[in-house]
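Paired with chain B in one complex and with chain C in the other, chain A is shared by the two complexes that follow.
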Partner chain A sequence: MVNQKKSKVIEKGRLTELLDKLTQGYHLIAPVQAKDVSFRRVESGSEVTLDYINSVLSPKNAFFSQTETLFRFFRDDNRGFQIEPCVEADREQVIFGIRPCDARSLRLMDMVFNGQYRDSYYLDKREKTTLIGLACFEPDETCFCPTFGIDPASGEDVDILFSDIGDRYLVEASTEKGAALLDKFAGFFVEPRGDEEQLRKARKAGLARMKKLDVSAIADKMAPLYGGDYWDSIGLKCLGCGICTYLCPTCHCFDIGDVNLDEGGGRFRCWDSCMFPEFTLMASGENPRPNRKTRIQQRFFHKLKYFYDRNGELACVGCGRCIRYCPVNIDISQIIEEVASGKAGND
Partner chain B sequence: MKTSSKEVQDSVKKLFEDGRISHFIGYEAGSDSLRVTPCFLKSGQTVSRLVWNPLCANNLAKYLLDLRKVEGKVGILVKGCDSRSVVELLKENQIERDRVFIVGVPCSGIVDGEKLLAVLGISPGDVVAVEDGGDAFLVTTREGKRRVRKEQVLRGECLVCRYPTPVIYDVLLGEAIPSLPWVRDDYSLVRELEELSAEEKARYWNRELSQCIRCYACRNVCPVCNCPECIFDKKAPRWLSKANDISENLVYHLIRAFHVAGKCVDCGECERACPMGIPLRRLNKKVEKDLLELFGYTAGIDVEQQPPLTKYQVGDLDEFL
Partner chain C sequence: MTENIYLPRMATIQSMRPETIDITTFRVTIDGSDETERFEYKSGQFAEVSVPGVGEAPISISSSPARPGAIEFSIRRVGELTNALHELKPGDKIGIRGPFGNFFPLEEMEGRNLLIIGGGIGLAPLRSVILNVFDNRAKYGKIDIIYGARSPQDLVFTSEYEEWRKVDNTRLCLTVDRGDEKWQGNVGLVPTFLKELHPSPENTTSITCGPPIMIKFVIEALNEMGFPSEHIVTTLERRMKCGVGKCGRCNIGSKYVCLDGPVFTLKQLKEIPSD
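So, the complex of A and B:
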């Protein structure tokens, strides 16, 4: 653990200027208001919005893009076929405004991309990124991150945490990387006045009402449900679209494909979804998950059992995106409750 | 929406008791008070789960395709728009008329949750219930009852709905609604775009479609998207790259729009399902408008009427030849 935790304060009026400064030395990724809020690369601080609960798409795109070229290939008349690696991230990046749930999801993704195999594409960006989190004091109805031991007002998984306490932000570095960044921009930060902790405590009051489910033995309780009737009606209701997996900050499955053009091409990887029928389609034509029931069962088993069995953590951070955006209202928090309480037994 | 949940429950209970249906597809309360969720019943004992209220947006006709092989008849609750999707499924012989029992409900508009929250300036957790109150919605909030004029908070497709009463049914619950007072110009959304130059149109659609994440919710939620294997899912040959870029996204959306041409009834499900807020109804409405102007055709009205794009007549327009 790092002990550079030293609180600073930045006046709200100076935030845009700080963000402007950040864009000069870093690729700054921050919440931008379009139709909805999304994390995008910004060129100036004025593009950034702070009026959001969370973005539609999680910031996972900054490390694990929906489509990412792995390498390019082309034919050279003299040298034959050539393969050209893709340029790695050319600059350090800062993600400003990431919520604690999404920050936790990166820790879970690290277990996948920095586990048995080191995924250089993901890790290169991860290592070059400083995460500035924004504490969450007004969560959505669908949020249930405390279920997974996440404190929505804590900076556990970020490098620096900003907490909106009225006229200023309380700023705390929780890693060396974070402390270094604060030092670099020290001119923007002042010493706390003394009432910050009290103000934060007041803002946290509403968080006590957040949904917190019992997931203590969820993996064990999932096991006997495999293949059972419980998934019939959920599978019938499910449309088989990719909203839940693509919006999920912890879903990380990908496919690999080639783009072939006369002048050459490239190999890319892109998000894939276990909700899609061709996800498990084999060359022989056999599909071990031939229907929506088996596919949605897989999604919940991966989140609530397989990932836990492999990594000791559940693959959900309670961000609520899949609940908010599911067109037929399949609700993972309801499913967790039913499984935990035994209501999901096979009838 | 004078029909009550109780009327739906009683009617469905009787259908099960009389042995007229073996399954029923309706709505039940969702996981929060601004949502309902599709509900599948196999007996009359659980009819108390069923609800009917101004949040019942889902077009349940899609599920008839999944229940084609079950024993007995499948009952389904349909609004005006949903009934028109059923007509399209019948036209295409996707379902058999004598294997479904259609329970129609006249519908005077579905509420758009986001608009409602914005107009009332409240958050989702503040809403307790939404009821139909004629020209307004009656919203029970934690702070008391509020009345919101429908025109302010209706879903886009409901603002231009010409068929509030189902066009096909075995039983109709409640009195038919001939027309909705707020419906005026059906195609204002389309006309705005038609007036743009080709470059401006390209810019508009490139901007919108570059947001697409290709989750295929718009396709999967659509009742008339019912190919056993969709061209976009085919692996060999791969017609559409899985790489997400504007050229692939454009191909996807144009093929989708053309493929539902003449079958789309503007139920609005594609746009409702889209997490990225892409205005898909604008594409669909343009195709709908062209079909109306060129062939005088409106989808989902009459099972016997053949879609213009699947039949040939000597007198067909051929100005493009």
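So, the complex of A and C:
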């Protein structure tokens, strides 16, 4: 639990000014209302909107860019190359307004990009980022984050949590990094008046109605379904558009490609999707996942079994994005329910 | 700044030896003093080989770590990158990342007989084992090598067979799917030839690499002959990009072929989905 002494309050009227100040010392990434709400780098506090349930895309792009140059190369004569790694400018960034589900997804991504081989492109950005979360009191009907032990009103995976309690935000630092940032901007924050906890409790009342599925033995229950008929019907429905993977805050698959110009070129990586046939197509022409059934099966097995086998966590945070945007209504929460209840195996 | 796992080291092609019409063995040194020696690999591992501007692909290492001085890759011309590699000349530069993946359990196999079964370009990683055990000949029992290709022209490392046959207690048995007027050896598929030769499973570890369909039937034949699943060792192939378990495409079940493989025993394979 957050130390009560660290709790502060900021009046709503001062938020824009605080965000303005943040843009002076940091790259500030915050939700912006365009056609939809999305996280972008902002130059001033007035660009930021806080009127959203959640952004269309999670802010994973701030760490794992949709497209990112790994290095450039220059031909030094007919035969040689000079390689120049692309390291983003040293900068501290602040993400303001990340939801607790998306903050948890970063913890899951850390497990992929860290480890025996460290992915410095991702990890450097992660180290240089302070996460300011925004507690979620009015989730969407497709949200089911409590399934994965996420409290949408908690600051467990962020550095600082802002909770909207009416005329002000309750501000709590949950890490040293967060506390340091609050200290730096101490002039914006005042002491709590005393009724904050009560106000927060009232706002949290609706969260008790959120969908919480039983995933206690889901990985074990998935195992016997491999190759089964259950995935045939889902595979027939799937269009293979890949929107689920692009919107998913825990999907981390990428492609690596080269760009060739006269004097040199570069190597880049970009998001890729297990929904696409080329994802596993080998030069020999062989494809171990030749149809939508095997590809959709891979997606759900990765989320609900393989990632768990490797990392001890399920690779879903219940943000509901894939459910909201799937054009044919493939619903991971329904699949979880059917697997958990044993219905999936009886089709 | 931590080490950047995506940056290739520049390497120089020292020589290119044509093996078949579409397979060439590239002998490569990594630029910079001692860099080639510091590329510490084991038989069965692979490297990400790249031509800047074209791309990168995982290629198994066909040389033996017991013979330092250069690293060899035997590469079939089959896709965009391998086509570009075949267009290069000695002295040209390529990129190398690695070594990656696990390796053949040569230490665990000490004191045992080896049955090495290859098909086509699949002999490339097995050649690393073959040369490696030849250099440590006393540590192993009998060595039987069974190798086949589509035609006599498709056999690789033919210039080395004479040397291999001279090694103590070693047998090299060749087969081709279709012979020609000069071919005097066996004609038939590798799994069939294997059954005819009927090697004993006693104190023997089998290592196989080749096209998936060959591996499938070789494993069936080995099962029939009584080889226990922990002594049937094979390699798997999947499309890879990063080589380090991040990009997410080479998994079979919970295993990443790039990290946990490419070498698996049949016993391990029985525990993962069969896709």
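One rule holds in what follows: the second predicted complex is superposed on the first by the 334 of 347 C-alpha atoms of A that agree within 3 Å, B and C clash if a C-alpha of one lies under 4 Å from a C-alpha of the other, contacts with A are read in each partner's own complex, and residues count from 1 in each chain.
Just so we're on the same page, a residue touches a chain if its C-beta (ideal position, glycine included) is under 8 Å from a C-beta of that chain, and two chains touch if they have at least 3 such contacts.
Model, not experiment: these values are computed from the prediction.
Student: Sticking to the clash and touch definitions up top, decide whether chain B and chain C on chain A clash or fit.
Tutor: They fit side by side.
Student: Given the touch rule stated above, what does A:His302 touch, chain B (first), chain C (second), both, or neither?
Tutor: In the superposed model, A:His302 contacts chain C only, not chain B.
Student: Using the touch definition from the top, say if A:Asn54 reaches chain B (first), chain C (second), both or neither.
Tutor: Touch partners of A:Asn54: none, neither chain B nor chain C.
Student: Between chain B and chain C, whom does A:Thr280 touch in the aligned arrangement: first, second, both, or neither?
Tutor: A:Thr280 sits against chain C, while chain B stays out of touch.
Student: Determine, under the contact definition given at the top, whether A:Phe71 touches first (chain B), second (chain C), both, or neither.
Tutor: Once the two structures are laid over each other on A, A:Phe71 reaches chain C alone.
Student: Using the touch definition from the top, say if A:Asp255 reaches chain B (first), chain C (second), both or neither.
Tutor: both
Student: Comparing chain C with chain B, which touches more residues belonging to chain A?
Tutor: C
Student: By the touch definition at the top of the document, which applies to A:Cys270: first (chain B), second (chain C), both, or neither?
Tutor: first
Student: Have a look at where A:Pro288 lands relative to chain B and chain C in the superposition and call it first, second, both or neither.
Tutor: In the superposition, A:Pro288 contacts chain C only.
Student: Once chain A of both complexes is superposed, is A:Thr23 in touch with chain B (first), chain C (second), both, or neither?
Tutor: Neither partner.
Student: Using C-alpha centres in the superposed arrangement, which angle lies between chain B and chain C as seen from chain A, in steps of 10 degrees?
Tutor: With chain A as the vertex, the angle is 90 degrees.
Student: Taking the superposition as given, tell me the minimum C-alpha spacing from chain B to chain C, whole angstrom.
Tutor: Superposition on chain A places chain B and chain C at a least C-alpha distance of 6 Å.
Student: Looking at chain A, which of its residues have contacts with both chain B and chain C?
Tutor: 255, 257, 259, 272, 281
Student: Spell out the residues on chain A that touch chain C in their complex, using ranges where they run on.
Tutor: Touch residues, chain A against chain C: 70-71, 73, 79-81, 83, 85, 87, 112-113, 115-121, 123-124, 226-227, 252-261, 264-265, 267, 269, 272, 274, 279-284, 286, 288-289, 294, 298, 301-302, 305-306, 309-310.
Student: For the complex, which residues does chain C have touching chain A?
Tutor: 1-8, 10, 50, 52-57, 78-79, 82, 91-93, 95, 212, 237-239, 241-242, 244-254, 259, 273-275
Student: How about chain B: which of its residues touch chain A in the complex?
Tutor: Residues in contact with chain A: 30-32, 35-38, 40, 58, 62-63, 66, 123-125, 211, 213-217, 219-221, 233, 235, 238, 241-245, 269, 272-273, 275-277.
Student: Touching residues of chain A toward chain B in the complex: what are they?
Tutor: Going through chain A, the ones touching chain B are 34-36, 56-57, 66-67, 140-142, 233, 236-237, 239-243, 246-247, 255, 257, 259, 268, 270-273, 276-278, 281, 323, 325, 327-331, 333-334.
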